[in-house]
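Note that chain A is present in both complexes that follow, paired respectively with chain B and with chain C.
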Partner chain A sequence: MSVALALPGNAAQVRPHSVRRARHLLPWLLLSPLLLLLAAFTYWPLLHTIYLSVVDVRLFQPDRFVGLANYVGLFRSPSFAAASWNTLIYIALSLPLKVLLPIPIAVFVWCAGARMAALHRSILFVPTLLSFVVVSILWIWMLNPVMGMVQSGLRPLGLQMPALLSDAATAIYAIIGISAWKVIGFNALLYLAGLASIPRELIESMRLDGATDWRITRSLLLPLLSPTIYFVAITSVLFTVQQVFTPINIMTGGGPSNATTNLFYLAYEMAFESFNIGFASATALLLFVGLGALAALKAWLLGRRVHYA
Partner chain B sequence: MRETTALTLTPPWRAVGTIVLFLSSLSILVPLLLVIATSLKTPIEIHDGLPWPQSPTGDNYLAVFDKIPLGLYFWNSTATTLLRVGGQLVVALLAAYAFARFEFRGRDLLFALTLGAMMLPHSLTFLPTYLMISWLGWFDTWWGLIVPNLAAPVGVFLLRQHMLAFPRDLLDAASIDGAGPWRALWLVILPNIQPALAAIAILLFIDCWNEYFWPLVITESEDAMTVQIGIRRFLDAERGDDLGPLMAGVVLVSLPAMAVFLWFQRRILETFVSAGLKG
Partner chain C sequence: MTITPFTTLGRRATLGATLATLAAPALAQARTEISLWHYQTANIPALREVLAAFHEAHPEVRVTDVAKDVGTIATEVQAAALARRPPDVGQILARLTVGLVRNAGAVPLDSGEDRGAFLNNVLPRFREVGILDGKPYAVPHSFGTPLLYWNKPIFAAAGLDPERGPANWDEVVTMGRQIRERTGRYALFISQGGRDVAQQQMMVNAGATMLSPDLTRATFATPGAIASMQLWQDMAVTHRIHSTLSEREQTTLWLGGQIGMFVGSVASFQGFLRDTAGRFEFGVGHYPLWKDQPRRVPNSGSALMIFAQNPQRRAAAFKLLAFLMRPEVTSRWSWTSGYLPLAPNAVDDAGLRDYLEREPRWRIPVAQMQDTVITARWPGNRVVEIQIVLENMVQALMQGSGPASTLVPRAEAEITRLIAESR
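And now, the complex of A and B:
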């Protein structure tokens, strides 16, 4: 097994200080808790999900193999179609908001004086410390069309706050905006760390050659930042769907009329509300395969333009 | 984060930058200040729509404990978080030691599987894990909250990095003095990676304290419900009619993570950023 799957380039690597043979069991002893836990709660569930997606689980009877029937059933269900479409919207809109918008913020913090930069860094980090439950409650209250804080601000102007969260046309955008509010600051800090590692000599020599700020940004900063951009983009694709679970669950419950549900939320509802284990497992697997494909596609598209510092 | 020569922005760009930063900081701070202000208001003041309370009161902070068993939720959250983080650190420390300091067959494959677990979303594994926890009789218990999460690949990864960067001379010296691998771990490595260990502990603490999905799935009573689930239940029950106590609850629930952050500010920022973890 290890021969077939070992990572290239590492197999023949030998440490100069390898420990004596008598202790060859020790590393396994040290690793055993981690390996048992990963086997029981990560890799076994992964295999079990595959199994559950091709059987019909029945009470007090053995499971019945149904082949791809669960998948066929899914493709015929309107809620699956809605959830798939919404999943794409969540991901597509998250990319500009969560991946691109933090870049200028990071550059401006980087350019600010030391004191201001420290202040802004701390403030930008605050939404990361809050739980998504707290953030959801906060925004439910802010956006409430009758007694919300935004409404109190609009009333003197004679304006009426629209009911963003209970309108099928706007609810998903409200949730995307809120989940962006939660992570923009953190992503800006990631970019800031990337900027801080750019050698100052490069910037200074470009400036001596008469380059403008814009030119330095375009030809030096962005290329050197591209591994970070790449990292943020991939994690945004992989985790956005999971991350919006909390606001969906608390703010809209997937509605109105499936307008905000996504594939993860659908899998949760199928498992714990309609108790359809086969459908839930098939949904989770399809989501995973889809995300993997998207991440790979993105890696391929971006990978051609990433410059490693 | 070390200082580097940044750009020398032209005045119009400097103005744009100041405005962008001012607005983004404001968009974060204003909602939070409004929450704190509302938690200090009397019921009458809440409905008059003014942003700041005229006569601040702490009544909401007492009322929230009457409305929901917040004390019990805090007990569950605190105990399970501390036990889980402690367990995660021990498991990760031992594994990182094995990965960083020993040669054995299959090491690179196992490390790849550990990193792979970091990329596998909850969405893929929650159902079988839930079935297993129920089968073990751990539904709605602390066990169900703690045990399935004891492996923290992020912790393994970061601790391994720190151990690889550890100066070899020190270990050699210890080994010449007759220290075995356990003594080397306990007496040489551990004291020297304490800052990293503390930072990872804080990161795991905040992650666990703020968790919503798993406690939602695995708890149903006050025996195991955490603060996040509790405050969410309160929101449902009151439907916004009891805004003062709700906001007081929101503030209380957020305090532990905030306090930890203020204490260890710099260190946390750097660790979070290097772990690339999302809250």
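And now, the complex of A and C:
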């Protein structure tokens, strides 16, 4: 058989098989760099984090299996309870501020004339371009209740700026507000991109039929914008947890009284300040599972209502 | 061909360069290179000056200094130790040294050629910070003590003597109220940089001991400590003389000349000199006394530890530590960096005496060395959580969330639990 395959007369029969096999392997070959990177920087770290969350890492000794002890210790930590609750607040408030608020802004810019739209787009995008470290420091200065810019504006009115960042009741909302300010422009631009794909003739025809602005928004714009809303909702929630790390770290350090910490910041503290790798890995995994479940829930809830044109 | 002097010089230079190139590997082989991890980012020129002097004294050793963040240097050392690539010498916050002995393979400092003789160049009381189970693992370096700084123009505006700060906490309250009433400004800011330092200092100064001698439980909820924490709350909530702003905001206000008094580390002194120049003059006083008790304040700052596992590098690391602990070196480091001079008879050093003539305010921290005791050294791997408990305790006090009689014992119990559960 092997002799027959080697004969020149059989070359035509051989080629399709080898070509087929080559064609079958080619995608894998082309994908292999990406797959290697994914394996090295995503899957292996995830698996290793799972491992680290159930062992005690010791110097000059083999790691010791401790089962769920790291998770139990974490659940007993008051910092974990505060961080979990705050994480939910950050996520819950990010939805109206980062997902819904940019929609009317985008519609406003979309409706403005071409020249004004360009100007608004530029202004809206400025906060996105700034480093979050710079933004955090600027806001510390602006919110300073003694000599901050906001206080300077309030003083002539006889008003006193409250100490937003050092009050446990307000600090988290200050960070949420600043974090939203940072991304509203970017999300508005995403919505603008979505709006740009909507033919204006559809609006004109609805107007001719006597539709009000609200009717146009509800029945035309929002349905056609739903894929973008879906995308922004999913990414905003996922990014919020890590995005607020910078203002937490720069502005409050998680305080006062754990009022602004979140699970992402707690994992950082456990890993990079305490070198408690077991707790840090357990926190990271819980965060991973929680965000995964949340993303799945949102996909289930919102996915059915998305209209792809 | 005519040989010009220039050409001759060129040939000689070429010959010299060739010989130097050939000899370089031999010199490099003879020279031991070691690494020093530190967090002296604000004092790098002063540190490099010290290292240059060391290189001159020990040409056989070359030290590479690596600046790290103060908040993560201990963690980085542990990670590097796990990866079998620890720094040869590391600067570790004094209250974290116990964990590093157990988790980073620190070398006993009496295992060098001189059997730890260089440790005698440090005040015996300060040396205790590095001793664990009877062995010295860390030697104080860049040690701090808390001081009370005051803004002289604000004192003058409040009708107080700008040349005299408060001697005790009662005077802090009295003067603070006067500042608040007459100037409308915040009168006081006790810095909480480092999370657990300020509350330790206040409670220990009021007679408490933070940890049991065997490091197994917290012991600070004494009547004196509770009273000191209650005073802190009263200053913020009742008298409203203490700023309740965040650490960063308060530091900005102090440097902007908006706060009357600042309680913080001696390490801030040099920075204040630079940052307030031309803006306002500040006075420096001892940490306020608590009632009729002698002053007793835990140190802030760090200690040096050796992690080198290679015998040759370890020997070189010992040479570096022995050099850094020379009285003339610690004295010079003191006024160039702003930390305490560590030698038993530091004031005998001519360089320090000269500096004291130029800067009389520096006499305060030097004198307060006698009142400085070593910090609590948190054991186990839950250190940050312990620090957060203490940080939250003060923040809860400042928010008026409860009286000190409730919050302090609760924090003590929580820290004891964390120590028991840590490894």
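Please note the rule applied: the second predicted complex is superposed on the first by the 271 of 309 C-alpha atoms of A that agree within 3 Å, B and C clash if a C-alpha of one lies under 4 Å from a C-alpha of the other, contacts with A are read in each partner's own complex, and residues count from 1 in each chain.
What we mean here is this: a contact is a pair of C-beta atoms (placed from the backbone, for glycine too) under 8 Å apart; a residue touches a chain by one contact, two chains touch by 3 or more.
Quantities reported herein were computed from a predicted structural model and do not represent experimental measurements.
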First, second, both or neither for A:Ala196, with chain B first and chain C second: first
Partner chain(s) touched by A:Phe272 [first = chain B, second = chain C, both, neither]: both
First (chain B), second (chain C), both or neither touched by A:Trp141: both
Touched partner set for A:Pro78, first chain B, second chain C, both or neither: second
Which of chain B and chain C A:Leu220 touches, first, second, both or neither: neither
First, second, both or neither for A:Arg155, with chain B first and chain C second: first
Partner chain in contact with A:Leu88 - chain B first, chain C second, else both or neither: neither
Chain B versus chain C as contact partner of A:Asp56, first or second or both or neither: second
Chain B or chain C, by number of chain A residues touched: B
Which of chain B and chain C A:Thr128 touches, first, second, both or neither: first
Interface residues of chain A shared between complexes with chain B and chain C: 140-141, 144, 147, 250, 271-272
Residues of chain A touching chain B in the complex: 1-2, 5-7, 10-11, 14-15, 17-19, 23-24, 26-28, 30-31, 33-35, 37-38, 40-46, 48-49, 52, 104-105, 107-112, 114, 116, 119-134, 137-142, 144, 147, 149, 152, 155, 181-186, 189-190, 192-193, 195-196, 198-200, 203-204, 207, 213, 216-217, 231, 235, 238-239, 241-243, 245-246, 249-250, 263-264, 267-268, 271-272, 277, 280-281, 284-285, 287-288, 291
Complex contact set, residues of chain C against chain A: 71-72, 74-75, 78-79, 81-82, 99, 102-105, 186, 244-249, 252-253, 256, 258, 381-385, 388-389, 391-392, 395-396, 398-399, 401, 414, 421, 423
Chain A-facing residues of chain B, complex: 1-10, 13-14, 16-18, 20-21, 24-25, 27-29, 31-32, 34-35, 47, 49, 51, 90-92, 94-95, 97-99, 101-110, 112-114, 117, 119-132, 147-151, 153, 156, 168, 171-172, 181, 206, 209-213, 216-217, 228, 231-232, 235, 240, 243, 246-247, 250, 253-254, 257-258, 261, 265, 269-270, 272-274, 276, 278-279
Contact footprint of chain C on chain A as seen in their complex: 56-57, 59-60, 73, 76-79, 140-141, 144-147, 163, 165-168, 250-258, 269-276
